[in-house]
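Quick heads-up: structures coming right below.
Note that chain A is present in both complexes that follow, paired respectively with chain B and with chain C.
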Partner chain A sequence: MSLLPIQHRDALSKGMVLLFALPALLIPTTVLCYIFWQAMPVLSLSFVFGSADGIGFGVTEGVFPQLVGSLLLAVMACLIAIPFALATALYHRTYATPRQQRWLNTLFTMLQGIPPIVFGLCGLVVLVNLFAWGVSLLSGAVVLAVVVLPLLVLNTLATLERIPLAYSEAGSALGLGKGAIIWRLWLPRCWLQLLTGLLLAMARALSETAPLMFTATVFSGVVWPDSIFSPVTTLQTHIFYLAQEGNDPLVISIAWGSAAVLVLLVASFGLLARLLQKLGAH
Partner chain B sequence: MMLRWWLSISTLLSSLTIVLVLGFLLQSSWPLIQQQGIAFIIGTEWYPFESLFGMLPALIGTIWAVALALLIALPCGVAAAILCAELLPKPLRGSVRFGMELMAGVPSVVYGLLGMWLLLPLLESQLNLLTGRTLLAAGLLLALMILPTIMVLSEDAIRAVQQSQREAAKNLGIGWDATLWRVLLPQAWPGIRVATLLATGRAMGETVAVMLVVGSIDRIPEPFYNFLQPAQTLTSRIGREMVEASVGSLHWAALLFCGLMLAVVAMGIALLSDRRRMVI
Partner chain C sequence: MIADIKHEDFPKAESAVPTELVESQLPSLLIVDKLSLTLAGNKILQRVDFSLPKEGVTSVIGPSGAGKSSLLRCLNGLETCWSGTVVVDGKDIRQWRGGWDQLRRYVGLIAQKPVVFNASIRANVCFGIHGWRQRRRADELVEKSLRQAALWNEVKDRLDAPATTLSMGQQQRLCIARAIAIKPKVLLLDEPTASLDPRSKQLIEQSMLQLAKDIPLLCVTHDLEQAQRLKGRTVFMCDGRVIEQADCDQLFKQPQCIETREFLRWSVCDCD
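Our next item is the complex of A and B:
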């Protein structure tokens, strides 16, 4: 190595970095393009907003029921998780002792590390069988809520931690109670960031498949859920089932189409979150 | 006062989820432990209908898949992070990072679809395999999935090294490669380690994509380093068999025990990454 002049050594290591980095940059791009290229033949407005009426076992045109099912589950999950996440983060910042704060941090970091399928298993044991909710919208939403809970808590905490201490101190000096500080000082200041965290949680909830397989979804037979105890179809599981029906090219192309719709949906939530983040930064 | 009660109770409830999850998993898998002890963890035979629940094949499959994924994704991801943080001009850097964040958001089932209908045929034709459903396929797919995590977090770590350090290195007249190996990477290492741990956790717990490509055959590869054979991971086993197992049976208990093992190991990894982050 040291025999080479320094310029050559630099060029060599830069070349090595480039060599290793290229697949990391090119392959994901290619893959993303490949999805949309494969989806091209079926993508259309009537594909996104059409419904198959449950006759063709979900393989005929139209993924609107699945789209609605995915969104419904994600929204319900977030609605269930928000009060708990917000309260936990607020407790952490207001009443918790340093020891409790450390415990909460550790607990939610661990919870975030647990694979979603484990929550799916628990949902199957507890919600579907023990509570006898069956494979239903409600079971799926509760399981998804647990999946996004640590994400929401940690994001909310990160947001609240960025509020300068002087703010809250000035508030207490003026005689405001904890409640007033939260409502009048913290929330007006950081609601945009909180919304960002919520959108990220939505994106996460929309992209989970494993926890829903046992708890919320069926392949066919349901177009629109008529109560919270009825099973649903979702885009994620729709893709999963179609991917395994290998004999018919049409089915696979519908799977690609659904995948493209799902990617766009998740990406739009991510983009919106990014936009809000930029807005909040100013 | 009302506020305090409301916050405390909600916090207690949400903290209890982790205890409840572990508790229910342990309680539901208890019948198996009661009947067969704990030795089935290192058993090599998994035949649910003969009450043989050896976990070793799936454990080895999981370790293999994760190790392959890390082996591929780590060098590429860190190299891309270096490229992005140090070499690319600013506008390009932003768009690369944006693309990576987009990729990080792609749902795992979409990767599964890609694996089945792009990766498997490719492997079959290129490597002349009977079936593309192998540990290699799972490893490659997982590598693609954890790449964005590794890259984005490593780039943050490299970018966080202070500019004055780079300038000092330049003033000392040491070249770019020495700066990289002696200054940037050592300082960014804690961040890269956290990225690796998080990626490991994610790869281990990934279900849908893996179960579509891994082949789901409960057998230890022959010989054990042969990653061109179909295998089984803990997650793919749960995903495949949970629907078939009848509620309350030993099979059901064994699958829940798989879930418990996943949860415990994942919690350990998460704890490790958290502890490291605090020390830094």
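Our next item is the complex of A and C:
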């Protein structure tokens, strides 16, 4: 039997929860504030949208080429991954046996935990060297597509699982086949949620750095890619490069500026996803 | 004949249950013979036998868990792991040309809770329509189906409005219109008026009686008064078995089995 009266026990329980919950909230917020504080001296429209000639690596000019490179890679990766993710989730939901469903769940949960650098290494061996695509936009996008595929599959599955069984059965009762149920009932109903999952996957693709260093990016000499077989510069690798030049205060503030731009970009995708989620709920 | 069902000593369901096919005055469109269904080790249906005349309403009554809804799901092909024989229009439904999807166009099903699709009222009615000929005369079909479902007057000015804006009773009538738009030969209704207001219930019953002149209806209901209002034939089910089936008046006034009597009097059935 506890010696404390019930109201004190409640207060103690609340205190314990807050003791661990507050740091979890405060630490990331402090980090974010610190990034923007450090980035303040360089952050301006000319920094974000300023073009570069590829010589100063963004040290003396803006980060617009890097921003576009990051976005291009994320968009291409998601465009490549969408059909595979959608097909896998639809197979899982409509045709797979319960045993296959269990296997697929395990596989994609496991794939999601594999460090992206491993995929980067595979991309280097297979795409860059074997297929001779070189260090290019295409190689990087394919590797990023593999990285975000499990997330997209699991998001799509979660969306499809939220469709009530009665909704599908109402379609079946009208004699609609599985294909018609997918195209005429499921997709029109849940496209907003699927788009939300896609935006979250894009945010994830924007956060990846390691696999791009082997397969897609260069640190200098390139401003805009000529084709999908050209290398690109990205914000992620740009920050990595600048951080290594730690002795120059100007370079470090530009690294903070680039980090702030990247954070804003990822956050905007997250916020858009949340907005779509709300719209979908209505 | 119905008169064959005589059990002077009111036998228990396990013994001489009158489950033999009862011949109707009208030829049967749907014949169910020894239909059994087991789900997750539970016997849901046990050697169910009955037949559905070519027109009129047949009501299925019985306590909760009697297997009434499962019976409809088997007849519509939503459940496929059953044993026995179901013959529709002289053909075994397991050998149905075009498979289960085609069968479901022939044997329509309306669920207990209305499910409208995320589309307009017009699109909902047209959802199951196949083929360019039918699509070409879609407007005509929409009007006809909505009239048959007693909904036309309420929605004729807003056919392009989202179907989700309709009330529950209207949504259920829209589901009926959607089901009859594909011209099924048999219509199964699973408690179509459960949890609806009296006015919607009345409209749906009127619509059902109107429809029953063209196609046979098999309606599961918990509402004994509704079963009496719908007339036609009545099948009493309990514990996955057909206990008794007869014309509505006869079953309600002179039930032959003690289980039926108990159910009609106390709304409980002691078949176990």
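The rule we apply is simple: the second predicted complex is superposed on the first by the 256 of 282 C-alpha atoms of A that agree within 3 Å, B and C clash if a C-alpha of one lies under 4 Å from a C-alpha of the other, contacts with A are read in each partner's own complex, and residues count from 1 in each chain.
Rule of thumb we're sticking to: a contact is a pair of C-beta atoms (placed from the backbone, for glycine too) under 8 Å apart; a residue touches a chain by one contact, two chains touch by 3 or more.
Bear in mind the structure is a predicted one, so any value in this text is a computation, not a measurement.
Engineer: Once both complexes are superposed via chain A, do chain B and chain C end up clashing or fitting?
Structural biologist: Aligned on chain A, chain B and chain C fit with no clash.
Engineer: First (chain B), second (chain C), both or neither: which does A:213 touch?
Structural biologist: first
Engineer: Thinking of the overlay built on chain A, is A:111 touched by chain B (first), by chain C (second), by both, or by neither?
Structural biologist: After superposing on A, A:111 lies in contact with chain B but is clear of chain C.
Engineer: Determine, under the contact definition given at the top, whether A:170 touches first (chain B), second (chain C), both, or neither.
Structural biologist: A:170: touches chain C, not chain B.
Engineer: Using the touch criterion from the header, give the chain among chain B and chain C with more contacted residues in chain A.
Structural biologist: After superposition, B is the partner touching more of chain A.
Engineer: Does the superposition put A:259 against chain B (first), chain C (second), both, or neither?
Structural biologist: A:259: touches chain B, not chain C.
Engineer: Would you sort A:189 into first (chain B), second (chain C), both or neither based on which partner it touches?
Structural biologist: After superposing on A, A:189 lies in contact with chain C but is clear of chain B.
Engineer: Would you give the minimum C-alpha distance from chain B to chain C, in Å, for the three-chain superposition?
Structural biologist: 13 Å.
Engineer: Which chain A residues are contacted by chain C in one complex and by chain B in the other?
Structural biologist: The answer is that chain A has no such residue.
Engineer: Under the definition above, what is the set of chain A residues touching chain B in their complex?
Structural biologist: Residue positions touching the partner: 6-7, 9-10, 12-14, 16-21, 23-25, 27-29, 31-32, 34-35, 38, 83-85, 87-88, 90-92, 94-96, 103-107, 109-119, 121-122, 124-126, 129, 146, 149, 153, 178-179, 182, 203, 206-210, 213-214, 236-237, 239-240, 243-244, 252, 255-256, 259, 262-263, 266-267, 270, 274.
Engineer: Would you pull the chain B residues touching chain A in the complex into a rising list?
Structural biologist: Contacts found on chain B: 3-4, 6-8, 10-11, 13-15, 17-18, 20-21, 24-25, 28, 73, 75-80, 82-84, 87, 96, 99-103, 105-110, 112-114, 116-118, 144, 147-148, 151, 175-177, 180, 201, 204-208, 212, 235, 238-239, 242-243, 247, 255-256, 259-260, 262-263, 266-267, 269-271, 273-274.
Engineer: Please name which positions on chain C make contact with chain A in the complex.
Structural biologist: 76, 78, 101-105, 108-111, 113, 115, 117-119, 127-128, 130, 175, 178-179, 182
Engineer: For chain A, which residues count as touching chain C in their complex?
Structural biologist: For this pair, the touching residues of chain A are 164, 166-167, 169-177, 184-185, 188-189.
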